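Only one structure is covered here, and it is reproduced in the block below.
Per-chain residue numbering starts at 1, and chain names A, B, C and D are given in the order in which the chains are listed.
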Amino acid sequence: MKKLINQAADVVREELEGIAVAHPDLVKVHYDPSFVYRADAPIKGKVAVISGGGSGHEPMHGGFVGLGMLDAACPGAVFTSPTPDQMLEATKKVDGGAGVLHIVKNYTGDIMNFEMAADLARGDGIEVEAVVIDDDVAVKDSLYTAGRRGVGTTVLAEKICGAAAEQRRSLKEVADLCRKVNGWGRSMGMALTSCTVPHVGKPTFDLPEDEMEIGIGIHGEPGRMRMKVKPADEIVEMLMEPIITDIPYKPGEEVLLFVNSMGGTPQIELYIVYRKAYEIATKKGLKVVRNLIGPYITSLEMAGTSITMLKMDEDLKKLWDAPVKTPGLRWGI
Amino acid sequence: MPIAREDALNWIKACGKVLAENRDYLTQLDAAIGDADHGANMDRGFKAVLNKMPEISDKDIGTIFKTVGMTLISTVGGAGGPLYGTFFLQAGMKTAGKMELTLSDWYTVLDAALSGVVMRGKAELGDKTMVDALTPARDALKAALENHTSLPTALEQSAEAAREGMEGTIPMVARKGRASYLGERSAGHQDPGATSSYLILKAAADTWSACT
Amino acid sequence: MKKLINQAADVVREELEGIAVAHPDLVKVHYDPSFVYRADAPIKGKVAVISGGGSGHEPMHGGFVGLGMLDAACPGAVFTSPTPDQMLEATKKVDGGAGVLHIVKNYTGDIMNFEMAADLARGDGIEVEAVVIDDDVAVKDSLYTAGRRGVGTTVLAEKICGAAAEQRRSLKEVADLCRKVNGWGRSMGMALTSCTVPHVGKPTFDLPEDEMEIGIGIHGEPGRMRMKVKPADEIVEMLMEPIITDIPYKPGEEVLLFVNSMGGTPQIELYIVYRKAYEIATKKGLKVVRNLIGPYITSLEMAGTSITMLKMDEDLKKLWDAPVKTPGLRWGI
Amino acid sequence: MPIAREDALNWIKACGKVLAENRDYLTQLDAAIGDADHGANMDRGFKAVLNKMPEISDKDIGTIFKTVGMTLISTVGGAGGPLYGTFFLQAGMKTAGKMELTLSDWYTVLDAALSGVVMRGKAELGDKTMVDALTPARDALKAALENHTSLPTALEQSAEAAREGMEGTIPMVARKGRASYLGERSAGHQDPGATSSYLILKAAADTWSACT
């Protein structure tokens, strides 16, 4: 394993220390339990939007804390959802009296830990709503399983709900908006290489030099299937097909197209992917009105990409365009 | 003698030891169908529990188990944290104030702990989770109780049932937890959580082999 | 070689096609000869700032075209400086009558190709100034060699000169400013892995699992020395030492600290690097007043990092903070 | 017969062929001390040149060389593009309007081409560049002229001198071009540009072996 780290056990803490000295104007870091929160929190009368999850997906979530996006983010160990006390303390710290929205990715661990935290926070008199993101079309949705994973749509939901909270919408409105974004977003990802969890020290899976994994999540887990590496255009077709054939896109509709790097794939390749994804969406009659291209929800240094499409309407477009000032996403200010 | 306070403490220590020893093994199992952290998670949690030992070494069994549960919840994270946390919290509820446990008490404890896990995780038998190891272990205890089996033998039978349950997860297609994302590809791999459950119950049988 | 590409020969062209459909509001793409230019170019009365270089360093330079930064960028083949006709056509396209600044990285090829282009453009009556960036302290500066490479300071110079041009400073002023930035910036980089040039198909150098290269450039070239991999903190010391001991930083001075990913190193590691670099700078009495952390000048998918420090003054701080709206860097607007 | 227009065209074609054949070899040399593109660059450039052949097949030698130079400049990029571009532009200047070349003409051409390269790149002998192959090749031609050696033999001697010059770059520590960044580590590797220069001059000797 080659990484720019010191001890595997110190990775998350040292990363947080780096964030703390890098962005004191935007965020503060609380340790034990650890979370990143807006430097100006709590903001009186504003719904607080918070999220969390295992580390290793940077900039998500800590990099999205700031004006117009998250009020706090709780980093777990690498690929391990945070504990209830992290979410509880973060919730207490940023609650401005208007309630707190928990954006939860649909993983058993995240769900259970966040549920416990919400229960405890409610016990402390804080209004909490939790919305679960489950947008990964690589996983068959079913009542009898854990359901779909939460992936790329999470980033978009955090941006959009953060903007809505900034407008002083109510907790119920922001939570409903989050459910709408989740209902309108679909994602699928693939990997060219595995990633290496620092404390494991070797790649999570072995992938021969001529093979790839299709339908991966963001935790280095193997995908739905393994196959020979194909040209980028064919890979993009394999990702776009399940996204588009799933509800809810109809010809003529407007979409946001998000091409994400899993961490190790450089930008030159992302634009080749975007080019084809855009072509496919356009051919299906969809209007790509917004986009996002870069490493925003990663899986350590994994090479690969994920594509997310989100149906847009006027409200979503305005919320997307609203100012955001975080370490990982910034515009309009 | 029945299972005493010290025995309960020794079991927790033994869990810490066996989970540290099997850290890489559990992680390897989790790498195949999950996210390669179950060993590290359990080890981190029980290391934190061992650090709490001085505080609870003179407490009743209920307090001991409850402290273990709280500590796991705040240090493990992932699925394992809430599930094993709930397991020990429920065990603590059934043993509140107790200074020793009989076989019948232990059955009640395991039954409540398992119910807590099921209530939290909503997994059913055959979903390829720790429930597939814990359920037969609980059932074996029940059968042993009915057959008036001795405590050490009952514990051995319970651990053996957990081992069979654990191995039984190999051919299963996961329906709960992270392995469920793999669909058919999850078959052919042993569930890491079922494995840690077996290790914990086996540690009980080993630690309490002189109890009666 | 595993990459999200189609044919190796089509990589640059397809990337440009992706940029064209991704950012039509910001940039346009010209093909044959190929360059990316501001959608609103030429801007009458504004000095145009342009740059170029081999592809494979994205977002540099094409991703830095837009308001407040570059007016045009010329991508060569991967790691191959562009040809004079690209720079000439780009120069003609964006000249708004106030002259054009060529920001050139100090590589023999870039120097010669850009010189030819400048001569041709001057022949066409366009005022052209060229400033060469040579900030890489890994290379000994000497009159008898090609001198230092141009690396991380290039990104900072493009941002700062772009802002100055936006203020309608004259060509001479913008060029002098660029020379000042070059004089005040120092960089050094290292690699944990090689990169693979698409048309070569295998890594440029073999690096054993326990070794790293120190003092690399941005073209996959081996570094000044190879050694066993060390903890991040020691690596950062090895990079910071030559940067700080070189002119021109004195205790009490203000600096911008730029921690760059070579492409394959994810953000979680960059913050661990930043943490230590910040600590070292602070211990030396330097005040880190601005920073930049991310993959901005890359070497395809190479894992590794480079650190750049730029001495700052009031003018540079204002120019750094000025609005910028490009695909790769955006704030204030 | 001296070197005719067709011979000049055939040399250019031979250059295209030999550079395509040695594409990977040149890139490999460049990977060791540069950026792994010299082979691809030269091949791309000469492929573009070959596409221009129909346009220039009836032109004088000066136009042929000038067109090669312009094409290389606008398609090669990197250091190789301007250097070889200048090489052929200078060759074109010395052969403007000419329909054939004698040994003495060819010496003038190579001397001017080399001067162009030196003027553009400012490399000196021993800097580990193409200059280290081109200079002895030019000098060998001069000696051959003075010794009244035959054209084919002079060309062979010139190519052989280029080969020796090329091999002479191996122990050198680079002072110009990308290899200079490596400092001492550049020693022990043959310079890619010196190698392509040798290949080009060897192609001339091979193509023009029947000229006199």
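Convention: contacts are C-beta pairs under 8 Å (C-beta built on N, C-alpha and C of every residue); 3 or more make two chains touch, one makes a residue touch a chain.
Here the structure is a predicted model, which means the values were calculated and not measured.
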item	value
Between chain B and chain A, distance of the C-alpha-averaged centres to the nearest whole Å	32
Distance between the centres, which are taken as Cα means, of chain D and chain A, whole angstrom	55
Separation of mean Cα positions, chain C and chain A [Å, integer]	29
Interface hub residues of chain A, defined as touching at least two other chains	none
Overall pattern in which the protein chains touch one another (line/ring/star/complete/other)	line
Inter-chain touch pairs (all)	A-B, A-C, C-D
Chain C-touching residues of chain D, taken from the complex the two chains share	27, 31-37, 40-41, 44, 73-83, 120-121, 174-178, 180-183, 185
Touching residues (chain side chain C, partner chain D) in the complex	33, 54, 76-85, 107-109, 112-113, 116, 136, 138-140, 144-146, 149, 197, 199-200, 204-205, 217, 219-222, 224-225
Touch list for chain A against partner chain C, complex	2-7, 11, 14-19, 21-22, 55-56, 58-59, 63, 192-193, 209-210, 212, 229, 231-233, 235, 263-275, 278-279, 288, 291, 293, 295, 298, 300-301, 303-305, 325, 327-328, 330-333
